[in-house]
Each structure stands twice: as C-alpha cells, then as structure tokens.
Amino acid sequence: MSASTDAGRGFGPVMVASGCGGTGRELAAFADLAGLDFVTRSITLDPRRGGPSPRIAETPSGLVNAVGLDNPGLEHFLATELPLLVRAGARVFVSVAGATLGEYADLARRLSRAPGVGGLEVNLGAPDQVGQGLFEVREPFHAASVVAAVRREFPADLPVLAKLRPDLTRVVEGARGVLDAGATAVVIGNAVPASMPDGRPAGLTGPAIMPVALRCLAEVTAELGPVPLIGAGGITDAADARRFLDLGAMAVQIGTALLHDPTTVTRVRAALTREETR
Amino acid sequence: MADERDPLHVAGEVLATRKAGAYRLLTIAAPGIPQRFRAGNFVAVSVQGGRLARRSLWIHRVKEAGAFGPTLDVVVHPTGPGTTWLAGLPVGAAIEVTGPLGRPFALPREPVACVLVGEGHGAAPMFPLAERLRERGCAVSLVVSAPDESRLLSALEARRSARSVTVITGDGSVGVRGDVAGEIHGVLERTDADVVYAAGSHATLRAVAAAAEQRGAWSQVGLETPLPCGTGLCHGCPVPVISEDGVSRLVRACVDGPVVRGDRVDWEALA
Amino acid sequence: MSASTDAGRGFGPVMVASGCGGTGRELAAFADLAGLDFVTRSITLDPRRGGPSPRIAETPSGLVNAVGLDNPGLEHFLATELPLLVRAGARVFVSVAGATLGEYADLARRLSRAPGVGGLEVNLGAPDQVGQGLFEVREPFHAASVVAAVRREFPADLPVLAKLRPDLTRVVEGARGVLDAGATAVVIGNAVPASMPDGRPAGLTGPAIMPVALRCLAEVTAELGPVPLIGAGGITDAADARRFLDLGAMAVQIGTALLHDPTTVTRVRAALTREETR
Amino acid sequence: MADERDPLHVAGEVLATRKAGAYRLLTIAAPGIPQRFRAGNFVAVSVQGGRLARRSLWIHRVKEAGAFGPTLDVVVHPTGPGTTWLAGLPVGAAIEVTGPLGRPFALPREPVACVLVGEGHGAAPMFPLAERLRERGCAVSLVVSAPDESRLLSALEARRSARSVTVITGDGSVGVRGDVAGEIHGVLERTDADVVYAAGSHATLRAVAAAAEQRGAWSQVGLETPLPCGTGLCHGCPVPVISEDGVSRLVRACVDGPVVRGDRVDWEALA
C-alpha cells in the first residue's frame, strides 16, 4: 500500500459528503465552514444539466436520488463556487467525475492549479456510472487506473480520496487497487444502485444502507489490514459515526442526514469532540 | 458567515391547531423564525418515522405577541403521509422546523396596483403579502380560488388589507364558478394591475403569468415543486428558467425560488 | 432461454419467502396454508445449528440477520416438517443449500422422491455464502452450474427456482446463466450483505432494500426481455407487491414483513385478488 | 388449521394507562386474545416508525368484564426505544398485538407447594399464575424482587392468592436486602416447595433452577431472550436445551418456550 498517510493528516473526523452540501453557501447558515472538510458535488469538465424532475424520492429510512450529476462544469465552479468556500475557510475536496481517463487527468491538472483546493475525491461509484456517460469502473482495475491518472496530475502533498460503491463483491479488490494507485484514503461508500419509483436508475442513501456500508468497511479492514478508510452511509448522529470509527475508519462523511436536518454535521462534530475531550 | 437573514433550524412546538375546512391550521413556536419572515418564505418541517424528505409549507402568518414570543401559522392540506401526520399533531407536539426559506415575493418600490392570486392552500402566503403591500400604499386586489368551499382559505381577514376580493370555486359553491385561468384576464382588466402575485398549481401560475405578460404587467409566482430538502443542499428541485440571453437553465426552486418571475419560467420544460 | 414456463404456471402471485415462515406450523395460525406457495427455510443435507445469539437486529426500516442456515437437515425435515405442510395443502418449495455441486445434486435427487414437494428453490445468494461453508457462487457461471446439477436430478415437470442476490453488478449475468441452465424462474433477491451491530456478517432485508431489489429486477428485464422473474425485498402490502408485478415479475415473495405482522401474506393475497376481480 | 388455541393478530387499542413506579401499566383491548390466555403466555406488539422487530411482553392480567369485553394488562419497563414508545402511548392509541404466544407455565396435577419467583417486570406473569395455582389448591409462596422499590411490582393483590410473600430489593429499600440467588435456598426450605416457577434475568433463573434441582423440586423458568418475531417464524431466538439423551440442541424460545424446564436449559451455552 503506497498510501501517503501524510497527506491524510487531520481529516475529519466529520466531513460533508459529496452532493449534500449544496454549493457550500447554503450550508453556511447551519454549519461553520471554517475548518470544515467539505466535499463538493461531483464536478465534470463540462456543465451538466442533471436528470429530470422528480430527482429524489423517499423510501423507508432512505432516499433514492437521480440528480444525475447536475453541476456547472469545472470552469464555472472555479469562478463562482470555489472562492466562497475557500474564503469561508473550508477544506475543500473537489469531487471529480469524467467520461475518460483523459478527462480525469484534465480535471486533476486544472484543479492542481486552483488556489485553495484542499484535495480531490474521485467519484468511482455513481450508481449509474454508464447511464451517466461516466468512465466505466465495473472492474476494480478500472478504478485503479482512474486514481493513477489523477494522482499523476495532482500535487503529492495533497490528498486524493477514492470513493467506491459499497458493493461487497468488489470493494476489497477496489480498495486494494486504488490504494496501490496512490489514493490517500478510500471512501466507502456511495449510494447503493436502486430504482426511482418510476423505474429510472437511482442511488439509495440514508440510514437504510448503513449496515451495508459497515459490512464493506469491515470486509476491507479484515482483508487489507489497517488502511486509511473513510466511512459513509446513513450516518445521522455521533453514535452512528462512532460505529464507523470503531471499525477503523479515520473519518466519516455525512450526506442524506443533512437534507433532513442541516445542522447534522455541526451536531455530530460537536458530540465527537466532547466525547474525545472527556 | 451566518447572518440575520439566514434561515434557522429549530426544535419547535405546536401551540395550537384548528380545523379550517379541509385544512388544518397549526400555530407553531419556532424561535427566531417569525422574526426573519418575509411574505413568500416557507418552512421545511421534518416528518417522523424514517421519512427523510422535508415537507414545505408557506408561512401563512406571523404573530408577534403571545406567551411564547412570536409564533408562525401554517395551513396544512392533508393529502399524503407527511401532511396527514402534520395535520394530526396534537398541541404540545415537538416539531423540527427550518426557516424562513426561499426567496420571498419582491415588493414594488412604488404604490402600484397589485393583484394577488391564491389557489387552494396557495392563498396562505397572500395574506401577509397583502398586508405588506397595503402598508406600502399599494391597491391590493385578492383572488382566492379552490375546487370547492372546503378548500377555500377564508378571505375574511384579508378583506381588511384588500380593496377587493374575488372568490372562485370550481363547483360554484361560493363566489364565481370557474377557475383562475378563466377569470384572471377580467380581474387584471378591472383592477388595472401593474403587478400580479400568485401561488398555486403550475397550470394556474402559467395562466396568470401569460395573462400578466399580455397586459404588460409584472408577475411573481410562487412555485410548488417537490423540495426534498428545502435548504439548497440536494439539487433535487430543478426549475427551468430562461435568462435574458434566451438560454434555459436550471435553478433550484428552494433557494432561487420558490418565488420567481413568471415571464422567466420555461413553462414548457417545467411541465 | 430454456425456461420451462409450463412448470411455472400458477405460482403466486404471493409466496412465503424462505426462512420467514417458520416450519409452516406456526404460520398456520395466521394464513390458510391450503394453496399457499410456501418456500421452506434453506435445508442442507446435514443438520445445522445456525449462528449464535443474537441472530437478528433491527436497523432503520430493516432487519439484519445472521440466522446462519439453522435447519434440521434433509432427513429430519422430510420426516417432521414436510408432511405437515403437505397435509395442510401448501405448495411446498424446498429451499436447498449445499457446500458442493454434489450436495446440491444429492438434495435434488432425494427431494424428487419425497411425496408432496411442489418444487425447489436453489439458494444462490446467502449473504455470507463462504463463511457459511456453502458452494461459492461468486461468479455467475457458478450459479448456473448449481442449477444445472439440480435440474438434472429433479423432475422436469416441477419448477426449480433460482434465487439470486440483488447485486446489480452480477444479477443480469446470473439470471441469464441460471435460466439457460434450466431454472423455471429467477427469484430476485435475497438479503443484501450487511453487518450485525457487533460486526458479524449478516443480511439486510425488509423495506430498506426494496429500491435495490426493484432496480435489479428492472435491469434483468431490460437486458433479457420478458423472462420468468419472482420479486422479493421489503414487500409489506399490496401496493409494494404491485410494483414488482408491474415491472414484469410473475410473483412476489414476502419475508421480513411476516415477522412484523404474520398476517401479511394473507392480507396481500386478498388485496391483489380483490384488485384483479375488480 | 387454525384452532382455538392458536394465537391471533389483532388491531388493539390502549384503554387505560397508569404509572407503577418505574413501570407503566397498559390495559389493552385485543379482541380474542384474553380469552385464550394461560399464565406464562406473552404478547408481541409492533412498534411504529420503521422498527420491524416485535416487542414481547408478559400478559400480566386478564380482565373479563368491561365495556370493551375482556381486556389484558401488560407491564412496560421503558428501557429502549420500543418500550419507551409503548410506555408513552396515550389512551385511545392503536396498537398491533399478536398473542397469546408461547408455551405457558405447566400446572401440577396435584395440589402441591409452589414457589413463584418474579424478578423486576418478570413478576408480571406470576400473579395470574398464583391465582390459577390457588384455584387448584396449591400452596403458593410468592417471591418478588427488584433492584429497588421503583422496579418492584406491587405484590398487594397477589397476597390474596399467595400464602406468603417475600420481598427482596437490591438496595434494601423494602423487604429483604439482597437478591434472589442469595435468598432462594431459604425460601424453598421454608416452603418445602415441590415446584418452582420463575421469570427474570438469565442469571436469576439459573440460580433458581439450580436451587430447585438441589432440593429435587421441579422448576419452570420463563426466559427473556430477544424474540425478533415472537411467532416462531424467524428462527432468531435459539435457546440451548439438553434432551433426555444428554445432547444439547437449539429450540425456539418463542414457541418451545419462553417457559421451559429449568433443568433442561444448557445455561453454560445460553450465557
């Protein structure tokens, strides 16, 4: 494992998950952005309109979403969204998604020159990767090749997180591959592939999937030993976060819970800090 | 970066609840939210029991007084599980509330003639709007409409703020029998309106926006599109708007709306 | 596709899912077994003690279970459990699980001689197949080989259902394989691999996973066209069942909901029948 | 195949609720269930809000009369989310109930001397058991124990059915200071018991079973192991028992128990 743990120092323990913190501006009303580890929604080279409405539906203890990577494209993001986050003092992880290895490399290169970027997160597990015209990461070596391409273009002293889907049959090989390819840490996991009520492909997130994410994290730790992992999936409070941390995760990400209660990150951060200083 | 205009997320409490036709009126203590309210704002409430999406409700009224400090009223139309749960809340129930959210109705600088159209529970934000406009010296005409009397928000109190009130019901049980689309031209004509405000179904808002445009009036419509979070975080509430340059792009209904200029909505794409 | 649809005639539309109907005797208080499609819990050649306590834990809108294939073994099952079900008039599908192809063949052969067996269900997706010492069905062709082995030993006029895990990355190939190998219908899906609160491998079931099962079903139909499918995962009422049937499933199975309300199968059957005759 | 002994799944209603120390006593209308009750049976109730496992409660009492027909009482000790929800239910609340479930206490054929031990809410099934035993002419001695007075189920009414009542609390706030394990030998001695019935923690039941065996008395213990469904469907409630042939095998606590012979439990494996 060539994980550059140096670059990972000081994450979390609580991060805002990709796609669940708006542009950052909206979250500022509910969370102090200063010092907050904020992962942006996945940014592509060109703007993407995203999917049609309705994009999000409720399921028992979960949400299914087909937001479809709605984002303004890299240029517009750099001009209008990044500066606010940087000014507010957030540690910005830009989530990147691309259709080809070249696009990923391009994104990494251009982001390496953007002032204030704290790191990258490579989205390798969108629930409908192909349908969204993203680089196909069906096999673990595909994921590794993306991370290698990104790592090559991005400053070695800045972290590159690799985000995998909580898919038990692939997550161990996937994690091994991306760590070997130079990922600073592996994020487990993304939304679980699911259906919208009308049948469109979507991703299932929220408390419903937490036992699935925990299993994937446990399996990776069991197989690979103590490697840098970040857990995500259904976290709503400090006790939930603690379950991931106890399994060896260095940090956790919170997504869906923010949509239900935008103060969640603030609450969980405070509670974990209190526990630590006790 | 938080400032006084920012929304709050608070642990609220149901202080009073009463039936109003098919609706339920809730009075809620939600510390800090009433103070920040402007007409057209909404609140997002959390529903219990593993339901993660928020439920959005227009702020219908803000009461300054009371033993609990300022309170807010919402009008709940029980149609699905979330609104049914809300409508059934007893006095004293705890309720998580985020607000005030969204862009409010923009007020005219001059004391112009305004028509306010509220369809169904969409009339809720029109009452406080009417008051603000009257304070500014605007001539306010109110149109309230509903399929039938039970879903007609009582315009009684609004009569104080409004110069005229037009009541429309689909079944003619009170007021004019018909719908907003059919009546709006006549109303705009009669009132010689400069500005039209409306909230209701997309179809109604589209008709109002078209009628306003035809007359050269300015329109502001409060859209009710599903708002999974209501706070701008999820990008799950796209509304197609057409910019000055003629390009249609998506904005978020919850932060760039729910109130938008009627002539800017790409109604065809909104569907 | 060599699906012998003849053998499948008259299933469902509502079946009791494996492992959620007890031995049948207990369900009799809450459901009329006559004419009921009852899938037994998975039966192995030799008795299995199952996992330690606690075996089942609550998760938001789901259950995680590590029952661990607790069953009395084939012989004891035939002697003590099957007769009651047959006498009561249930259409009994015996769920089988084995450690080797030979064991599966053996189970099928012996069950083909047992009077009253209505069909088999081949369990190809236990959430911890390897940990439980079951035949490894990681790759779709493994699943197909099991079905072929079973089909060879079991009367052609009786249905053999192949039950796959709702794992999007494998379910299409898996379904294609088992149908080619002679499965009468494919059951989608089983529990989703997850963790018990104490970290043991477990399976997540119940409403939490329904959007995941629906997606897998939709994907199979999209890729393979109209093939005989049976849906399962989180069904609690007729509207839930209808979602699977509307996607082309010929029947549905109900599991977890029975544990919460043992009358669920009765209710859903009645409601669907009412709808049909309306 | 359903017969009169079979459990029912019914839509019940909370008819009354009152505080009893740390517990909450609920009176529930659950049509058909009270009629089938035998002491040692339990009910499984459903909790709302996406909680799928059932919650098991001893049937504490069955009242024949009442405007609602026969009703049943349960004693709720609010410790986790499910029991806290139950304890908070208002009168009139709907509640899904399945029962009566499980093997009841076996009654002796002869009018022998019986000791009934109830620890904490485990005393709940002992009251109706005491009544049945007295009806059969048995000499009934009751032992109720708890960590402190607040968790001691009032033995007042039981005094009618019991010849003697021993009260034990961990803190000595009432009765003897101590625990069942320490006192049971003396009680069995004094009462010259032929049969011992007990419900409570595994540790207490184990001690009772051992004491009974030592005296050559027959013991029946009501185990509280987690019962995910309570109805025998899930195989999630394994209890190791040792058969005549000395082999330990697993039975389901909900249908083969919760009451089992104390000398048959493989206490080591139960842990």
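Every chain is named by a letter (A, B, C and D) in the order it is written, and numbering of its residues begins at 1.
One rule holds in what follows: a residue touches a chain if its C-beta (ideal position, glycine included) is under 8 Å from a C-beta of that chain, and two chains touch if they have at least 3 such contacts.
Model, not experiment: these values are computed from the prediction.
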Chain pair with more C-beta contacts, C-D versus B-D: C-D
Reference subunit A; chain at largest CA-centroid distance: D
Computed distance of Cα centres, subunit D from subunit C, in Å: 36
Distance from the mean Cα position of subunit D to that of subunit B, given in whole angstrom: 56
Approximate Å spacing (C-alpha centroids) for the pair subunit A, subunit D: 50
Residue numbers of subunit C (touch at least two other chains): 60-62, 206-207
Sequence positions of subunit B contacting 2 or more other chains: 50
Subunit A partner contacts - residues on subunit B that touch it in the complex: 1-2, 6-9, 46, 50-54, 96, 98, 225-226, 228-229, 231-238, 249-250, 255
Residues of subunit D that touch subunit B when the two form their complex: 48-50
List of subunit A residues in touch with subunit B within their complex: 19-23, 25-30, 33, 41, 49-50, 52-58, 60-63, 65, 67, 70, 88, 206-207, 256, 258-263
Subunit C-touching residues of subunit A, taken from the complex the two chains share: 59-62, 64, 138, 167-170, 192-195, 197, 199, 201-202, 204, 206-212, 214-215, 218, 234, 243, 247
